[in-house]
Amino acid sequence: MPPENDVARLVVSCRDRHGIVAAISSTLADLGANIVTSAQHSTDPENGMFFLRLEFHLDGLAACLPQVEERLADVAEQFAMTWRLSLANRRKRVAIFVSKQDHCLFDLLFRWQRSELPMEVDCVISNHPNQEVAVTALGVPYHHLPVTRETKAGAEQAALDLLAGRVDLVILARYMQILSPEFLGAIGAPVINIHHSFLPAFVGQNPYARAYERGVKLIGATAHYATPDLDEGPIIEQDVERVWHVHTAADLTRVGRDIERLVLARAVRWHLEDRVLVHGNRTVVFLS
Amino acid sequence: MPPENDVARLVVSCRDRHGIVAAISSTLADLGANIVTSAQHSTDPENGMFFLRLEFHLDGLAACLPQVEERLADVAEQFAMTWRLSLANRRKRVAIFVSKQDHCLFDLLFRWQRSELPMEVDCVISNHPNQEVAVTALGVPYHHLPVTRETKAGAEQAALDLLAGRVDLVILARYMQILSPEFLGAIGAPVINIHHSFLPAFVGQNPYARAYERGVKLIGATAHYATPDLDEGPIIEQDVERVWHVHTAADLTRVGRDIERLVLARAVRWHLEDRVLVHGNRTVVFLS
Amino acid sequence: MPPENDVARLVVSCRDRHGIVAAISSTLADLGANIVTSAQHSTDPENGMFFLRLEFHLDGLAACLPQVEERLADVAEQFAMTWRLSLANRRKRVAIFVSKQDHCLFDLLFRWQRSELPMEVDCVISNHPNQEVAVTALGVPYHHLPVTRETKAGAEQAALDLLAGRVDLVILARYMQILSPEFLGAIGAPVINIHHSFLPAFVGQNPYARAYERGVKLIGATAHYATPDLDEGPIIEQDVERVWHVHTAADLTRVGRDIERLVLARAVRWHLEDRVLVHGNRTVVFLS
Amino acid sequence: MPPENDVARLVVSCRDRHGIVAAISSTLADLGANIVTSAQHSTDPENGMFFLRLEFHLDGLAACLPQVEERLADVAEQFAMTWRLSLANRRKRVAIFVSKQDHCLFDLLFRWQRSELPMEVDCVISNHPNQEVAVTALGVPYHHLPVTRETKAGAEQAALDLLAGRVDLVILARYMQILSPEFLGAIGAPVINIHHSFLPAFVGQNPYARAYERGVKLIGATAHYATPDLDEGPIIEQDVERVWHVHTAADLTRVGRDIERLVLARAVRWHLEDRVLVHGNRTVVFLS
């Protein structure tokens, strides 16, 4: 995955109406840019929401970026767009939060090392010291911030001090502490979480044990953006694996780990590539 | 699927302890029977629950059935077993309940016509007249029992009068009325239901619309035994299909129909072949 | 699925180069049309292939269709596009070919009856008389064209006489005769076929028996456009189902039927909605 | 996964006939053993093949093992059984072969470190030096045995010298050299291989590039026992992942890596737990 110079990604959402695509594409053509890929979605052409993701190539993009942004800002204002522009060769900077269970953490780091995930890893933050050796051996800073009921506010502040202004994304890779609305409001970056999911759903403690008691036939995982409403933010990706009566609660937990790894890695990749647009509690995920 | 003469299925559950399999297999050997297939499961060999399903062949089985049952009853008493014995060539007799949505009904009837489901169809009961022509054209009796709040008890009684002592299984193939605990207690046959399922779960009205609002990425269906605790009985089978932001609520409903058909047909087949054992709120499904 | 008046679908493929989208969208804007949905794909912006599918709404479309086509033809000529325009409310007319196995046939007809597939069924053609009663009961003409080695050319000619100029699509719903290159050349409509598929692949007779012998763990089906190179045309859709050692060859065949139904129905739906573009031996399937 | 003392696994295959289960279970009862789990399969009770896997518990098993084996040998002789007995607390010793692609290697080692795979890792053997640092950091010996056309026989002999009599299983975790029939004959342990698989199948070089050209919609992987007939040994496990036209050949390769990891890990786990029985070119996999 070599850095793609001179390529930018434009992500747009606004009320749908006539002329949006024409306005953007003619502006880009005017600037001499070539649209490489483009995907769009409308919930309803009559006053629904419109979503667009496109990649364009423009020789010497970095140099003329301010000019491009200015022109796009004009179009955006005209259509009351929410928009962002990212350079494809500017990797997003992420912090990974983890607790004792480290399968998601090391799966992400393994993919990062092998250039499967286009990101820079700023640091790993954990409320346990367990993975410090293995993480620092990969050249990634590791911050151990223990959390008890008494120290939670302090630990969150310490994390904010470490991350403020430094990261574009926070990944909760099986971080078993509930982040406060204050933290989520102050972190200034989207937060992706992974959690188990079952049919039917089990809320609360020991979900795998309860799924076993209920005799579920599918074990699932859901990756979503974290919101103050825990485990209820916009869903990015979900998947399941089949289980049988032969699986013990421990087996369900093990199978769940495999799905969690895959689902979180897909959600993170799509976010890093600016493929996920949020509208209310839904996501639009442009795979093309 | 020709009738398998001289083959019986024995299904057993009891507390696990030493010697269960030896007692059963030596009893069958004594009777001259040959075990064709056998599957067993124990939740814990130390005082857990033990489950067994086996098929055996015995020349002239029909004639000596009372003797076989007597010998098995002795073993069953010794181990305090719950057990049942069914002849493989005796097809179970089923009644199918349906409302306006008929995709599950006709899927079951199609499979039945083509000998995919080893059952006799006693009748179809509906609270709507819609499928009468198509069902009776297949030679299956159709009873239209309208249900309003006022007539519900009477309609349930009419269904009981039609089915009492006649059916081995009731299939709710998208029957949109809630059966009363009284009906479930009086019907004298297991009842299999199919319902949608989502991650996360949506209880109540318009689940597909709410799943759409929530932006789920998977649509599922669950087949389960009906209990007075609606939609909460022991799960027999579940499956899911992937959806995207491009799917409207109507699309989700359509995709859901396909999964419902498959999941219900699998659950019914397994029940008809005596593959499903219930323990508390869990099922053991012996596919082999 | 009510007919969507005033909506057309435009499908385009050509060499990728600057300005394609701008040219089309400004032409449509000029005509007063509103783009409802749009999806595009490029194999490589530097001289790769470009694919586009868009739906647009234009008041009074039917009346001004010639003018729209003329304007689009100008753009098409400029970029050497392959293109087609279809009215969303003009359902495609299909002929379904079938042999003795009828699960795909009746699955398609069931969906058609319930408005899941936006098509008109011109007729069913079979080399066996088996389904005549059930098909004609649905109001669909049924032509029995027996095929032997000697009569094959005549039967194909009879089918051509029946269908020539009447159908937009031919569906081979488990039609077990190999259509000659001459027929495929003369039919004047795309042909969609469904066949089993396995890992590894088994070519030739009795594939399910051979898959059983090989102990495969997955049973699959592939829907593809038929080409003179049998079972090798562009793939539209594939899916699989898991099987175990407990499945007999007959079980594999039964499981295969379920996947074939689903895969063929999806492929047909996508074709009917003009979502499938062919390039060489690949397809681009725009689900959005 | 603590070592399970006093538990043994018995795996049996033979021609099916009356009395097999009774003979084994009464022998075990005689010895004072308690059957913990048992699964069996018969391809045909009339002279088909019979397969059995059972776990039994016997106090002080290690001490009386010779006596147990002697008694079972008597039964085995009577029925001409192929059989083996393993102690559940004796972990199998494995050697892992790898080439440059290391996703399967590190996935196995990660699971091993976290007690997901009950095995001892004897060593890693590679024809490249790439993973030496990371592997030895985990405390696992790493042998770099370069292979060229000229040195192949020597490298295989060196591997045999390293492994002879030391390992119970060889895992080819994306080892890109073809092992000679001589090596497979001399290694004295089963060999599990993982390879990609597609519908349709692509034999030979650059399968992912060819799958891309063909526009496949599913990417798969197959784990199987290696035999002299390359990539054609008995299949243990298979799985697939869905792909679209938007996936480049590089994407297919990446998706393939995820499936390869999962499929190989499942196959290895099942083998380590003595769940896989081979008969001809088929496997019986007892998950319960």
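Order of writing sets the labels: A, B, C and D. Residues in every chain begin at 1.
Simple rule for what comes next: a residue touches a chain if its C-beta (ideal position, glycine included) is under 8 Å from a C-beta of that chain, and two chains touch if they have at least 3 such contacts.
Not measured: the values here are computed from a predicted model.
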> Which chains lie in contact with each of subunit B and subunit D?
Replying inline: A, C
>> Taking each chain's centre as the mean of its C-alpha atoms, which one ends up farthest from the centre of subunit B?
In response: A
> When the C-alpha atoms of subunit B and subunit C are each averaged to a single point, how far apart are the two points in Å?
Replying inline: 36
>> Using mean CA coordinates as chain centres, what's the gap between subunit C and subunit D in Å?
In response: 42
> What residues in subunit C touch two or more of the other chains?
Replying inline: 41, 244-246, 288
> In their shared complex, at which residues does subunit D touch subunit C?
Replying inline: 41, 197-201, 213-218, 220, 222, 232, 234-235, 237-240, 244-246, 280-285
>> So in the complex, the part of subunit D that touches subunit B is made up of which residues?
In response: 18-19, 21-22, 25-26, 29, 34-42, 45, 57, 242, 288
> Given the complex with subunit B, which residues does subunit C contribute to the contact?
Replying inline: 103, 106, 110, 114, 116, 137, 244-246, 254, 258, 262, 265, 287-288
